[in-house]
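Each of the next two complexes has chain A plus one other chain: chain B in the first, chain C in the second.
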Partner chain A sequence: MDKKQLQRFAVIAMVAIVAAGASHIYTRHTMVTAPSAPAESTSMALAGARGAAGAVPGYLVDPGRAAGQILVVKPEDSVQDAVARAQPGDTIQIMPGVYHQTVYIDKDDIALVGVIHGSDWPTFDGEGKRNDAVLYSGNGVRVENLKIVNYKGNAIMGQAGNNFVIRHNRIANSGVYGIFPEFAQNGLIEYNELTGIEDAAIYVGMCDNIEVAHNEVHGNVAGIEIENSRHAIVENNTAYDNAGGILAFITPGLPIKTTFDVVIRNNFVVANNHKNFGAPGSIVSGVPSGTGIIVMAADDVIIENNFIRDNKNAGIIVADHKSFANITPDPEADPNPDRVSVLWNLFDNNGSDPIKEVRALMVAGLTREGPDLVAVGGGSGSCVAAAGTLKALNIGGWGACKRTSSADIATYLLDKPAAPRALTTADRGKLIYSSVCAGCHAYNVRMVGPPTQIIQALYLGNAQGIADYIANPVKKRADFPPMPPQSHLNADLRLAVAQYLLTVAPPKPVPARP
Partner chain B sequence: MPRSKHALLVPALAAVLFAAGAAVAADGRSVYLRCVACHGVAAEGVASTGAPPLAGLHAAYLQRQLQSFASGARGAKPGDKYGTSMRSAGAPLLSSDTERAAVASYLSTLKPGVQRTPGRTTANGRNYFNAVCGACHGSGGEGNPALGAPRLAGLPEAYLARQFAAFQSGQRGYQPDDRYGIQMRTITTMLPDAETVRDVIAYAASLRP
Partner chain C sequence: MRLRLWLLLGASLTGSVQALTVDGIALSQQCPASFELRERVCRLTTPYQAYRSVTDAGVGGLKSGLPKFRDGFSPEQIDLGRLLFFDPVLSSTGKLACANCHRPASAFADVRSRSLGVGGQEVSRNAPSLWNVGFLQRFFWDGRAHSLEEQVRGPLYGALEMGTTPAKLVATLNGIPAYRRLFADAFPAGPANISSEQVYSALAAFESSLVSLNSRYDLYAHGVANALSAPELEGLNVFRSFVARCAECHTPPLFTNQQVAVIGMPEPPGRTFDPGAGATPGNSALRGGFRIPSLRNVALTAPYGHAGQFATLRDTVAFYTGGRGHAVPRGETLHLHWHIWEPKLSSRELDRLVDFLQTLSDESFRPATPTAVPSGLPPAT
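Up next, the complex of A and B:
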């Protein structure tokens, strides 16, 4: 490290220390004030924190909303009963103790807030039997201060719920996705810790306007993944000991076809060398262990001021669909990553043991040094700043960045809450497909479950058969995670989504641009 | 059809046959001796006859295929040379459901042969195998009895290619009540081109049972 780099490292370290301190203070603040005035304190604190930083405040809670009641739940109580009693605006306060439960929140503006006494947390324990700890489809839902362990599917999953806050939860060994908002707009995921997740610990799927900040993810296959989502900032997180640290992907075969405007900044991305324990044949199992940041097919991604160290395969990989394992093309999705800006980052000791595809590029590039940054496959308009300060491979087509920082992008959160997704009878099957099924079932590739086109072929037009199966699934495939029961959806909705699923058509080729 | 003949027999004779059937069930191996000329002594398959390896395939799958050959749900389409041989020479060697069950059960206990000619594998073949085939046949091509999907790993590339082509052309999966065959016919349309078909089959053939 030269003197300049050292100075920059010192700045990063100070920012991290300040952030850690802020996290501590802020958490205490939330814990102390949440029971008395939950919604207001949150929105003010959020606005305040951003205001203090000179940023545009994002509003996740309608400031004009009336204060609700507080419903206290103890371990012997059913949280679901409290949800049934709750009115929009209410806070469900969960006392310390162990809860063997699954909660489904289908109402708007409900806060599920744990009370932490010293080291005693409210703990949701799925005992390896239950699929999900918290599911929500309401808008304006907040989930915080929960410990969640031993679920099979998801710790916290949002199903088309806008304006969410998922904050300060500790999640371990809880299935395929840890925190998973799907098909949502305007949401904040911060100060969570996640480990032992078989796919992405924090999985932002088909969302818009998302902030992922101050989280700690380790021991997962993927740490943080922004997938088929637009306008997302991933900042001030720590991702270590995952197979892949931070991912920005377009996954083919999903209803949303693009990922763009993603900012990945001020993160620690360290030693993501964990063995990849994703289900064999799945997309995530193709993430090469030892990779700090992966951009696959996503556009307009800014990577700035991250501390990227000790990732054995590579610091950053920018890849197209063709170059990535277990991906088959989607004619409606652009397979190339375009306009990726790698601004100044601190790299150290990446690429000490790269995979063979990267080694082949090293041979072609006449170097023995593993890369901080490697580009594979197509893509255009990408740039790198201070190219001389990093070990880069195969970036011959990249220019020098004109942009020097992402400071002009303070937040992608909206300045007022997003409107709820329209839910008419006609398209409710489609909404459920996008917000529930497509979390695991892509049309023509294997994400987690069998692809939609295979389900169509197996059921031969029998929608009722699908509706019956998803209410009470039985495990059929040894090398796939179990299908979770969708019994929180009523019989009409299950049939509606099954009927819709059978009509999903193959992606059609998009005419080439002139 | 053997089955309908049985239905005509007087109850006493049926009881005798049932007893005989039970004895056969205990000895699928001796029934299998009628098949060795084409499929090989260890059911390892014989390339020159085109007869596939049968050792270690799932019993339910084998039994279903034997019944299909017997009933005409498989091998009865004009131009299906191997199917015709199996229907004319093979299926009649087994005269009852009991014998078919016995031989299927016996074959399922045999150890599958080790892959003799590892295929050329490509990323394209792997990707499409995982995206399309793996959902039922397993990511290792091990098959899945719960879905009626046979093991593919360890089967010869030429046999797999022939069966894929048969599903594609409608020489298999042509009967309206052949649910699994119809599923496979639909699924063959999911590989985009002939090169991908070749890649996927080479990948499947490279998997070790």
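Up next, the complex of A and C:
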């Protein structure tokens, strides 16, 4: 087995261990030390970064992808300049020091990897005036080994970038969300530490196929939130000293209306009693301080094998939309949490100081004990294992669980990367012709430019000639305006559209009606 | 002059007058730009079709698929809709066409804050741009209609708008031989007489052909890195940041997530509070809520807001940093959207946002204004 194979084997072995629900302490230790090993020289640092790249699972990065270049950035450099130079597959290596910058990545397969030298991290400092440290829309973006502090909006925000990896970052006091992938499929968030975030430290919004593992979140309003997302696993995290530990929500009023197939397992959810410092009006400002896990309107949620302790309001709340005072109902979203399975968890000392709504349920239930598990509002099909071992309130409609564990769900990550969002389809020539050229050229009708039929006659069999001309057109016809250059299309696209143009057929005549 | 002549001559002579003016009108057999003719109907073709989006909802970032689109009309139906759109014969007075308030020269919106109807009265809301309406799932500022055909009836029959009735509309069109001929061309399987449903269908066909997806922003989204200038990119980053949060509701690629949101915009001076979507029974929580508009071509559609209350883009973006609920009238309790907060945007950031919004302009596929319409009336311009 060569080194690369060994690394891949190690990852597979770890996934297997995690799936078996065992020893997350062990995996955490090995993974944290690997990318952050002290580098004595630049060459060692380079090797470290390559090592980390090799450890990305094959289902997030195409294993056949060629290794790219490494672009080294120092604190006096612009990271954005390096992004502009980088080609897909390249790694931008960020040396220790302080960076007062915002970086955006609108291209695919770029890695931003910090080099950690002893206790020296590359630190992005927003100084309380910059909005975000890292914004990305590209697929296959990886961000790791960065310290991010004092941004106003987010530390790391992705919009629609699939196959992302965000790991081993330390994020403090950086705005509304710390790590916030949105509209993405297939992504991994692991080994990050986040604190001082005024909404959810890790916020997965309107995504599919997400893994959130081995993170430490504390001192935030919410630790980890899975919102309007499907197929997400939250496991082996430590959430403490937040107002709410882990949330699985359907938030109304968003364009994607469902949350289902969420597994919350093997987490420490401890003493989430922080004052709620969410912005007035935010949904999360309605999270009662002292709550370990909240399921709001989400379906098919499994809560298993967590250590849920010392949360003063309640260990787990399962609620519908009506039960949250600050929620405006959405007629297109199902307001009820259905089929929530609370399997074996370890509960201790939850509900010591519940909010008045929970107290009212305690009175109704003739108990003085605050709850490990409380259900409020509608919903059906939920179940609890070994109900006698926990303090439960208002779960009269819940049955015993048929499922005994979530071990059959090893991962929700895809077994190969989500399809790239790229103009690589066979009909890209047609798409560009129709969406760009057709504004000025019709087949046999004079529009702004000469008819396609005439261009075809001039360039018969010479697609390259058209491709060259449109990159740098010259005025040819007295009775037509000059054509604007299409040099923004790269050579491949210009040729594809030229080839398509030569094949455009005349519109079929419509047979005359009798 | 021609209008007066037409009215004086009366129905029996109408045909001969028509023959003088509109005999040459025939419907196009070609799809508009951005559409491809397949099995006799026009199908949208755009590079965005190479992209997917999560749950195919048509919301995301740069390279994300579009929302579900309304296409499948024939070239003739689209072209007939174009003639109807510009023809003032559709209104009760014969003086007001769709295009008078949805002006092609103003990105199919109105330059007035609130358009004037047949009687010269002001309507209550701003006429929205029609670019890209084929992607929308709900219509009107309060979102009460769910198809273009349903929407079309609002202005046609609104007493303050075009003021006609279904019976009058159908009688008028059936009295114009050129329309009888063109409707038969566009709806070969249809009934002998023109029906109101055919009118709605043709107008919907034309409106859904108004596709604007070729802006400089789109070039950048498709991967042309130098399509946007440095200030415009700075604006894009403000736009999509979670500080300003513009992109959370005005979500690419359509720049709307098509939801109804309560954001507490002020009413223009002297106008009473507009409950918007909250006026629908059972919807009181959405009091003051309006459909989130697409921002495509927004730089061309001033004034802004449901009642045209902001004259410039700069004034409009400044609203969002004025403080949560700062313009809510005293005594109103609104459930303001959670994204309305205190972003504390700098003056420079507001300027950059305006720079970015100007990159969303594209009218390369603006259809031609007809030189004559079948009624013989002067077409709206």
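Just so we're on the same page, the second predicted complex is superposed on the first by the 361 of 514 C-alpha atoms of A that agree within 3 Å, B and C clash if a C-alpha of one lies under 4 Å from a C-alpha of the other, contacts with A are read in each partner's own complex, and residues count from 1 in each chain.
By definition in this document, a contact is a pair of C-beta atoms (placed from the backbone, for glycine too) under 8 Å apart; a residue touches a chain by one contact, two chains touch by 3 or more.
Just so it is clear, the model here is predicted, and its values are computed rather than measured.
**Student:** Applying the touch criterion given at the start, work out whether A:S435 contacts chain B, chain C, both or neither, answering first, second, both or neither.
**Tutor:** second
**Student:** By the touch definition at the top of the document, which applies to A:P280: first (chain B), second (chain C), both, or neither?
**Tutor:** Both partners, chain B and chain C.
**Student:** When the two structures are overlaid on chain A, which partner does A:V445 contact: first (chain B), second (chain C), both, or neither?
**Tutor:** both
**Student:** Using the touch definition from the top, say if A:N131 reaches chain B (first), chain C (second), both or neither.
**Tutor:** In the superposed model, A:N131 contacts chain C only, not chain B.
**Student:** Touching A:T328, do we find chain B (first), chain C (second), both, or neither?
**Tutor:** A:T328 sits against chain B and chain C alike.
**Student:** Using the superposition described at the top, determine whether chain B or chain C touches more residues of chain A.
**Tutor:** Per-residue touch count on chain A favours C.
**Student:** On the A-aligned overlay, A:M157 touches which partner chain: chain B = first, chain C = second, or both, or neither?
**Tutor:** A:M157: touches chain C, not chain B.
**Student:** Name the contact category of A:R85: first (chain B only), second (chain C only), both, or neither.
**Tutor:** A:R85 contacts neither chain B nor chain C.
**Student:** I'd like to check the shared interface: which positions of chain A are touched by both chain B and chain C across the two complexes?
**Tutor:** Looking at chain A, the two contact sets intersect at 279-282, 326, 328, 445.
**Student:** What does chain A use to touch chain B in their complex?
**Tutor:** 279-282, 325-328, 444-446, 450-451, 453-454, 456-458, 460, 476-480
**Student:** Tell me, which parts of chain A touch chain C in their complex?
**Tutor:** 84, 102, 104, 106-107, 131-132, 135, 137, 139, 152-154, 157-161, 175-177, 180, 182-185, 206-208, 230, 253-256, 258, 279-283, 326, 328-329, 419, 421-425, 428, 430-432, 434-436, 438-440, 442-443, 445, 488-489, 507-510, 513
**Student:** Taking the touch rule as given, give the residues of chain B at its contact with chain A in the complex, in rising order.
**Tutor:** Residues of chain B touching chain A: 123, 126-132, 134-136, 138-140, 144, 146-147, 179, 182-183, 186-187, 190.
**Student:** Residues of chain C touching chain A in their complex?
**Tutor:** Those in contact with chain A are residues 29-30, 33-37, 40, 45-47, 49-55, 57-64, 76, 184-185, 188, 213-214, 219-220, 222-227, 233, 237-238, 240-244, 247, 251-252, 257-262, 285-286, 324, 335-338, 340-342, 344, 364-365.
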